[in-house]
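Take a look at the structure below.
Should a chain be cited, it is by its letter among A, B and C, assigned in written order, with residues numbered from 1 in that chain.
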Amino acid sequence: MEEKDFVIIGTGPAGISAAVTAAKSGVDVTLIGEDPRMGGQIFRQIIPPLYSQTHYVDTQNEKIFNNLSEEKKKVHLQFLSKTLVWGIFDDKVLATDNKDHPLIKAKKLLISEGAYEAPVAFPGWTLPGVITLGGTQILLKSQGLIPRGRTLVAGTGPLLYYTASQLVKNGANVVGVLEASSLFKWMNWTFRLIRAPKLLWKGIQYLTLLKKRRIPIYYNHVVAKAEGTESLEKVIFTKDNNNWEPQEGTEKTLDVDTLCLNFGFIPSTIFTHMAGCEHEFDPTLRGWIPTLNNKLETSKEGIFVAGDCNGIGGVKKAFVEGQIAGTEIALQLGQVSKPETHSFLSRLQKKNSRLNWYQKFLKDIYAFRPGLLKLLTPETFICRCEEVDFKTITNTLENGAWSLDQIKRLTRMGMGRCQGRFCFPTVLGILSKYYSQKELNQLDFSTRPPAKPLPLKELI
Amino acid sequence: MGGGIIGICASYFLSKKNVEVTLIEKGEIGKEASTANVGTLAVQNKDIKAIPLAREGIKTWGELQEELKENLEFHQSGGLRVTEDKPQLRLLHKAISVQKKSGLDIKFLARRELHDFAPYLGPSVVGASFCAEDSRINPFQCFAALTKAAQKNGVKIYTHERVISIKIIQKDKYLIQTTKGQYQTSCLVNCTGVWSKNIFKMINLDFPITLSPQQSMATERIPPLFPHIINHIKGKLSLKQVDSGNILIGGGWEGFGDLIRDIRNISYESLKGNIQYACQIIPKLKSLNLIRCWIGSEGRSPDRLPLLGNLKHLPGFYTASCAKGGFTLGPALAKITTDLIIKGKSSLFLPHYDVNRYISSSKRQ
Amino acid sequence: MMKRLKQVKRGEPFNIQVDNEFLTAYHGETLATVLLSAGKKIMRKSLKNKNPRGYYCGMGICNECLVKLEDETRVRACQTLAEPSMKIKTGA
């Protein structure tokens, strides 16, 4: 088994930032990522040999992107690209599908696996043509692909306007934007953005562009239903209230070929769970957050976490968190001394807590509103993989099951290929209505390898 | 005590005879080894001494499916015990002759015949025995159905409640202290699997029970590939495709476990070894994706046979625990226990299952 | 349902076989890109109800875009780069 000083899973801004920071102090760094290039979801770039003169990193984060790209060149990093870490075994042993590096033991491990789109189940959400906003971004950034035909952008939050205007600029036919929250709420939130004038300015630009192109923004509206025989043809949407509950009798119908959805993000905790780190459940995120000390170390010695998998904090926070983890790890590995890093670390920690407002801002915008659960009909699939519908879940709950594990055993929910990523949040949303935070914290479940489906032949 | 397969079966059987039953489970019903197994109900891979229990167990599962009117996904699809070389063939022939003598209907399939019968097997397989009694079942459905039936009969089920101490008030009166309350009874059954060791400690017995953390895994769902239950003469392999289409791979590969810290971890070496074995026997598995792994804490007695019956010196203190192949044997052990409690005897109870066999060696402290 | 942006330079095209037809692909493109550009939205059928499924998360975690390679392996179209002489099956 190879031994490495410092291994990073995930090559988004948090991962790269930690890598650069630690490597500058002389730490031998290995980054592992599934994609051909570093960048994660936010800094995703075109896959060579495809070539584009412009990259599609959004301009507000361009500075960090350029900074990291420059810094990256100055240090030596080992990057295992197109490599899936499928398991974490005791103690900090990573199993990968990379033929040259099947097993890696890390002295220090940073998990920066980011987040994924928060699923919202509604009738027809499994139809081809209904895609995530993140999935739309990925096609644009890494493949130079935009939706053809009538495109509707729906959900909540700034990413809707950003993506819609990006699509419009590139010639897509965007027929509207559905925003679940009210214009009034947005005016309140916008007020808070005074702390980030650049961001505010960007937002205004996006909205202006959409206005100029006469793309309607429907505030206080949610998608109620997606229809089509073999793929998406129509979207039925309704007015909602502040709880995002659909209002009967307000249905409108639009012909749509592609529906791009975003209701915020869920921190990915599959690796921190697999490694046995402690977590706390966050009902507004409908997910878990690893318990960390102020140096971002988990309850498991030598395992660190940075970036969006530690609550959704955005690029800047990911960047700073990466620096904190990278510095602390360099210190623990003996590459730098305590006095050398002391002031730097405390400066970073201060900077990090200054960024908490933005995390809080995102949390307020994206906090799950249980009114969305009213979209569910008895036949709506909660679990896409195993095709478990809402009726089956409610029956199981009524029969006394309440833990995720029990629901899983009795209904097969979460036993499919996505391993619960796209059904647990919905069920947790349902459970949050019935149970206290304390009870939800005690939800008993274990995460085992593989982190993603793994071809058996990889192990032969 | 213990809401595993033996505990829930015994509760149900006793409740049918109008016995007032309380079931105490430290966690959730069927959460440990009982559902971590892969639902293989095999006869031919069992110790010859355990075969009567296995046959009775499988028969009972069939009856339970009828009786409970639930789909337990019980299928008597027959099983193959495969071999890959001459020494293994010799072992197999020896096993077959012993099994035949005990009355089991089992037949040998030589290479050509076998590959006609089971064309999915890989070229390394040179012969196998076929036993029509080998079956499979869905443990999750079993627990759901049995829990429902037991509760309907008035069984009180208390979960997340751990037994802390057992006091012997007088010869056949016991006071059980749990994390949530006290129970007084003249009859108690220890079905706590590997945790039996702790229960025995409470009555000053040191039993040689060891933990065997058993790993299993599932592939993605695919259309039907093979109908049989596959075992290997060398052990180490159990393969079957279940109703949902997933292929379950197991066979006794051990992971890591620590009962005191309540930790169970998958072993990479075991996982890899098990997969390699599986793909060698059914090469088509290579193109499938692994999607889940899990691990259960099985308890083992030194001779791998169950711990069964009434403790000689403590009337009313029964044990039904630690059987290798517990899901197959489970209903039989529960049946025997029910008979022992109600009638004082059972025709299936044999001395080599008797819990008292370890008493002399398990120094009373 | 998707179109290729002109400002992104693609090298020499090649073909991959999808079901019974040939689709144009470029190096650096994923199977999802090739399928979506050709208007093919349905990548697999769900197991129980045989409902159509397609590209959803795009980041390799939902597994809705599974397609079958020639050796029967199921791969995620969004994570698998197209290569000349590939033969894939959808709807499986």
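Just so it is clear, a contact is a pair of C-beta atoms (placed from the backbone, for glycine too) under 8 Å apart; a residue touches a chain by one contact, two chains touch by 3 or more.
In this text, all values refer to a predicted model and were calculated from it rather than measured experimentally.
Peer 1: Please work out which of A-C and A-B is bridged by more C-beta pairs in contact, and write that pair.
Peer 2: Counting C-beta pairs in contact, A-C comes out ahead.
Peer 1: Per-chain C-alpha centres versus the global one: which chain is nearest?
Peer 2: Answer for the innermost chain: A.
Peer 1: What is the distance, in whole Å, between the centres of subunit B and subunit C, each centre taken as the mean of its C-alpha atoms?
Peer 2: Here subunit B and subunit C have centroids separated by 44 Å.
Peer 1: Just curious, how far off is subunit C from subunit A if you go by their C-alpha centres, in Å?
Peer 2: Centres of subunit A and subunit C (C-alpha means) sit 23 Å apart.
Peer 1: Take the average of all CA coordinates in subunit A, do the same for subunit B, and state the distance between these two points in whole angstrom.
Peer 2: 41
Peer 1: Quick check: what residues of subunit A touch more than one other chain, meaning two or more?
Peer 2: Expected reply: 386, 416-417, 453, 455, 457.
Peer 1: Hunt down the residues of subunit B that sit against at least two other chains at once, touch-wise.
Peer 2: Residue numbers touching two or more other chains: 220-221, 287-289.
Peer 1: Hunt down the residues of subunit C that sit against at least two other chains at once, touch-wise.
Peer 2: 47, 73 - these are the residues of subunit C that touch more than one other chain.
Peer 1: Which part of subunit B faces subunit A closely enough to touch in the complex?
Peer 2: Contacts found on subunit B: 27-28, 30-31, 35, 140, 143-144, 148, 218-221, 244, 246, 256, 263-268, 271-272, 275-276, 278-279, 285-295.
Peer 1: Which residues of subunit A touch subunit B in the complex?
Peer 2: Touching subunit B from subunit A are residues 87, 89-90, 93, 95, 103, 276, 386, 399, 403, 405-406, 409-410, 412, 415-417, 419, 444, 446, 448-450, 453-457, 459-460.
Peer 1: Mind listing the subunit C positions that touch subunit A in their complex?
Peer 2: 1-5, 7-11, 26-30, 32-33, 36-37, 39, 41-43, 46-49, 51-64, 66, 73, 78-79, 81
Peer 1: Inside the complex, what are the residues of subunit C that reach subunit B?
Peer 2: Its residues touching subunit B are 47, 71-74.
Peer 1: Once bound in the complex, which stretches of subunit B touch subunit C?
Peer 2: For subunit B paired with subunit C, touching residues are 220-221, 245, 284, 287-289.
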